[in-house]
Amino acid sequence: MTIEINNLHKKFGKNKVLKGVDLSIDQGRIYAILGPNGSGKTTLIKSILGMVIPEKGNISVLNSPIKKDWKYRKKIDYLPQIANFPPNIKVKELIRMIKDLRNSPSEEASLISLFGIQTFLDKKLSTLSGGTKQKVNIVLTFMFDSPLIILDEPTTGLDPKALICLKGLIQNEKAKGKTILITSHIMQFVEEMADEILYLLEGEIYFKGTVGILMEQTGQHDFEHAIAALTSTENHA
Amino acid sequence: MVCQGTWAKTWTICPTCEHSSIKQTIQEANAHDTLLIQKGTYREFEILVDKPLVIKGINYPIVDGEKKGEIFRITSDSVTLDGLFIINVGVSYTKDNAAIRVVQSKNFSIQNMVLEQLFFGIYLEKSSHGKVYHNRIIGDAVDEYNSGNGIQLWYSSDVEVRKNHVQGTRDGIYLEFSDRITITDNVSMDNLRYGLHFMFSNNDIYTNNTFENNGAGVAVMFSKFITMKNNTFRKNWGTAAYGMLLKEINDAEISDNTFEENTIGINIEGSNRIKYINNDFVGNGWAIRVVGACYTNSFKGNNFLYNSFDISYNSKLNDNVFEGNFWSSYTGYDLDKDGVGDVPYRPVKLFSYVVNRTPETIVLLRSLFMDIIDFSERVSPVFTPDNLKDAQPLMKIRP
Amino acid sequence: MLKILKYSFYDLIRSRWSYVYFLFYLTLGFVLLFLNNDVSKAVITMMNVIIVLIPLIGTIFGVMYYYNSREFTELLLAQPVKRSSIFLGQFFGVAGSLTLSLILGLGIPFLLYGLMRSNAIFDFSLLLVTGAFLTFIFVGLSFLIAISNENKIKGFGYAVLLWLFLAVIYDGLFLMSLIVFEEYPLDTFSLIATALNPIDLSRILILLKLDISALLGYTGAIFKKFFGTQLGFVVSMAILLFWTIWPVLGLRYKANRKDF
């Protein structure tokens, strides 16, 4: 078990975002975390990363509880949703800095050429376009070799070529036996990549299962409609 | 004239001569004789000069009192003391032993003397019409209670004190009940108490003196008609120090003096009808501090430069006139270009008013809050006397 | 933490504002020394500037840096780095670079002027020490305010208000209470009230070392009697240290509990 979550609660002010999430994530699979806006996807991911501190509940990553721990993050590669980088430093320096902070072996060279960002290495981050920033973001995430990868909206701003590269990368990592969590609004991407769907609704896990089971349960033929149906069945009930 | 010349005799005194004692030679000498004292050391004290004589040292012979008591005592008129080096006056707690004491005499002249290791230096007692000229008095006073004054005048009058240098005594120059004294071109410094001190003395003039680094520069108390001109008061710095202290002084004139880097330039207490004209107040803590009732004083043509406080006042009442002074912190303008600022200057800061009321508030000195408050008070006075202002502040410094 | 400190520090010393700050002090130092030629007077003027400006600049710089580096912070939070290290590293980076600007900016002109040969060296080093303390104190306080307020405008407002309180309002209240209670002995009260506010404490510490302390008169003598002793010096340093440490502890406490 890569991640084990029990009875996770979190509220911001009066707004209860997570209301008792129970979840277990197995090794070597790709999970897509879906749900409408404000359903708690990002909060869940940030809880796993320790950026959000839950009121109640336990999270274990790789069989050890994460409370008051920070070293476990060494085993997670995280791609944040919006690439907010310090504006004053150069791409090269950012890569060197993250390497320095993590202090683990990395292979950024191949990734840099894969996404074709060699020419941007000496530019300041504030001068980059959204798509280029996202590419840098992806390089920073995939250059380490960690057993758990969390991708928050990885496709944002990518051109088709880069998207293909990204998919290849994800498959590649999966083949190495890594566990991958993805959130995305691009259903096609999810359908293509995910082994299993986690559907969050109003702070709870509303559905967990493979794409096949989802189709079966909702009686829909295409994935996008199946997801939409998940919400509407709830409304019927 | 010729007759007198033949009668007057000159005596030569030296340690190896026939006459080796000053005291004895004076006894043998006749009135109007001259005693020449050659270089050497003479261990004598209580030397009584009771007839008119000229006693003159050649190459500064040393008269060593060996701390046994008073050294010269002059009781006759027309005595001249010249060019002696007197040391070791006896310190006493019951008698004011002096290096030279002049008692009830006239027409004396004490000049070119050097006095060291003394208690009192030159003490004039009920004497008049003499002069104290070009002496050097160097004390090493540490405590007030066992030190004496450099030059003291007691019930004396019409004396000229000129070109003396007094340092390291209790009061450099002290006048008590002494009238018509002229004090000129002296330097009085590093004294424990005052550089110059007047008590109950009237019609005196002091000009061109320098008072530096004394406990307090000059104290003028309970006296009338004193003229103070062209003096320099410098670096009288300490928690209770000032350049000049005026206490119960009436009808004086203070002009063309320089007050520089004193904690308080002039501290005025109960003094009336005084003219302050053309003085320079530079870099003092308080340039002028008025304590107690002072009436009909006028301040004209003075330069107030970079003082922490220009004027401090402890009442809301003002009967004094400020006119045509230059204030370095004046920020007004002169549209008609007549050299006089168009808006009046208010020299009393609110802070100095507050400090007068509650002395502890001084701890807020140089805080941002006080600067802001001072500024607003200057714009629209609420607490400080409304008529305390210089309606004709100069735009340029008076040269 | 040292790595974060290093990056914050590099980030800052390359930013324009550090240069502006550094050049400001450099100019101030040169102007005061070479136009006026009197070290002790220069120290007084510099004290006035330092007492007002350092807290203000520390506050504004601290708040601005915190809010501007939120992205960087979020990037770091996902990395295997201890939470408190991130914030403490940034805090020390900001406070350190400001202090460096101060010390170099004032130090260079003074060194060139020949401070070493002058006996104002002690006054000067005291100036720098209190300046450094004030920088750390106010950067710390502003970080604490910023981390407690997600809203930039609010955080900025509170921080400036805090500066205003300690630099101005506090003295106003102090003055009023001195006047209201003027019938009572006030020495101990004013001693304590001064010591409690780091700005007032720094001001008095420097003032007492200067000739101008003679203006403080009787009250000043009491202050001198206290601050002039070894104990007084230790106590005042301890108070400044306390003011430096508690915002940092608060920052650590908040950092460990905050959601991002």
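Note that the chains are named A, B and C in the order they appear, and that numbering of residues resets to 1 at the start of each chain.
As a working rule, a contact is a pair of C-beta atoms (placed from the backbone, for glycine too) under 8 Å apart; a residue touches a chain by one contact, two chains touch by 3 or more.
These are the chains along with the protein names UniProt gives them: A = ABC transporter ATP-binding protein; C = ABC transporter permease.
These numbers were taken from a predicted model, which means no experiment stands behind them.
Could you tell me which chain's Cα centre is nearest to the average position of every protein Cα atom shown?
Centroid comparison flags C as closest.
What chain pair shows the greatest number of contacts?
Max contact pairs: B-C.
Nearest whole angstrom, what separates the Cα centre of chain A from the Cα centre of chain B?
89
What whole-Å value do you get for the distance between chain A and chain C (ABC transporter permease) if each is reduced to the mean of its CA atoms?
Each chain reduced to its C-alpha mean, chain A and chain C (ABC transporter permease) end up 43 Å apart.
Using mean CA coordinates as chain centres, what's the chain B-chain C (ABC transporter permease) distance in Å?
46
Would you pull the chain B residues touching chain C (ABC transporter permease) in the complex into a rising list?
237-241, 263, 285-286, 308, 354, 357-370, 372-373
Residue numbers of chain C (ABC transporter permease) touching chain A in their complex, please.
It comes out as residues 3-4, 7, 11, 14-15, 69-72, 74-83, 257-260.
Which residues of chain C (ABC transporter permease) touch chain B in their complex?
Contact set of chain C (ABC transporter permease) toward chain B: 47-48, 51-52, 167-172, 174-175, 178-179, 182, 186-187, 190, 194, 199-200, 203-204, 207, 211-212, 214-221, 223.
Which of the residues in chain A come into contact with chain C (ABC transporter permease) in the complex?
Of all residues in chain A, those touching chain C (ABC transporter permease) are 10, 12, 46, 49-53, 70-74, 76, 78, 80, 84-86, 88-89, 97-98, 100-102.
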